[in-house]
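By written order: A, B, C and D. Residues from 1 in each chain.
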């Protein structure tokens, strides 16, 4: 962030640097395409390696993307290092297409926790089809993990 | 299953063949190590590609393994092709170690749906540490996905 | 519904008759204040009997209202008798005030299942404060319950 | 607790006093029948006022009992005042009978949070039928609620 205030490009770039440090996100090929405080969009180009035995995107790929988008939305809303401590996902339909887009938003922002929601779309050309809904809690690091 | 009845080795082997058809499970390296009707155990040897920026296993890896174990437990309990239609996961602590083990069990078995639970452990040597709890619904294929 | 098509007043009235048949909803005092296919609003005037030991609305009251609103949204979206087969709720803050309002919406509508979301607000005068978020599955009766 | 150590009867009695302070629990008629650190059992005698339009126990009654049992299990595990900050419930089958029993257990106990699980049974005579499964997070008061 510049001395003049919030710099959207720099903010997104810092988020992308964090994503680049996640080996698993690199393995899957996720891209952070939008990031403002409390809102994040992740995209994932689809390829055969991300599918299950029926040719659809594996549920684990969709839940990974939702989980990560929730973390970005919550972390930028609270402006502290965070982890997703829990979430729930409903798969609406089998996902296929060229890419997935996950859009997450912080809804209830607190000091140590933030409740966020996420929608995951499968994209073919310009058409987006909603394929999953998630809701979860993002928690300040050091607060969440028991033990 | 043989004419003589339930053949545990063949049952596990058939489950492993399904896993081998999931490109995403091959990419991650998951292994099906136990399978009887209503119960499944999946293992995942850990490597750097499965981590996030703090060196712990990425949450998406843990949720993938839980999701897949739920599907196996529910599918073998109902004996029909299934999908996981929804689940919820609580991460208890950061996961690290040599491998993950997910153990899932069918609890409420119906005709078209089955509610299952799963525990995910991180393993170092012979020591297992519980790192996540999941609960979800496995649904007969063709019943679940709206639209 | 009249021969001329959808009659919003009659639709709401039919919904209110269903609510009046729920003894538990009468005990709590819930009111159905809005109902169109796929969308429902329930209100609950608050009184001392609905509180816990710290003076706030009991979590069970909030989850009741969310559960019921999800069922109305899903049932009117699918136009069949339904039950809520599962849901998840995050409490954002302690709820107090004059009444609760739960607003639910069907998001993913299928033939036998519908995924819905709900927001619960605590109301003082004209001010609404978001106090809980829910997401769940509403299932056609006869499809959901195992056994 | 006596000077000699843990006094199970006193522990249960203190828990019952807390329940007696919850107006909503009195309205429903819940009874705390077992309480040790990290484990709780609540019972609820069924009566017509707790039903929905098909004669079964209202889902909101079941979720209330699960929510409250989770809170007791988590609170006694952490030994601090707590609230349930989120939970998920799967209804397995319509509940009917003479009473409900909810049994909850703390699984992942931390300093500020505790992940718990709960099973709800419907009871006729000596026969218990599992009718719901819940899982959720219990959080130290003052830590959970955003805002």
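Here is the rule we go by: a residue touches a chain if its C-beta (ideal position, glycine included) is under 8 Å from a C-beta of that chain, and two chains touch if they have at least 3 such contacts.
In this text, all values refer to a predicted model and were calculated from it rather than measured experimentally.
Enquirer: More contacting C-beta pairs: A-C or C-D?
Expert: Higher contact count goes to C-D.
Enquirer: Please report how many Å separate the Cα centroid of chain B from that of chain C, as a whole number.
Expert: The answer is 33 Å.
Enquirer: In angstrom, rounded to a whole number, how far apart do the mean CA points of chain A and chain C lie?
Expert: 29
Enquirer: Using mean CA coordinates as chain centres, what's the chain C-chain D distance in Å?
Expert: The separation of the two C-alpha centroids amounts to 22 Å.
Enquirer: Which chain B residues reach two or more other chains?
Expert: 85-86, 88, 90, 92-93, 108, 110, 115, 137, 144-147
Enquirer: Would you identify the shape of the chain contact graph, picking one of line, ring, star, complete or other?
Expert: complete
Enquirer: In the complex formed with chain D, which residues of chain C make contact?
Expert: 18, 21-28, 48-53, 58-61, 63-65, 67-68, 71, 83-94, 144-147
Enquirer: Of all residues in chain B, which touch chain D in the complex?
Expert: Residues 88, 90, 92-93, 107-108, 110, 115, 117, 130, 133, 135-137.
Enquirer: Can you check the complex and tell me which residues of chain D touch chain A?
Expert: Residues in contact with chain A: 85-86, 88, 108-115, 137, 139, 143-147.
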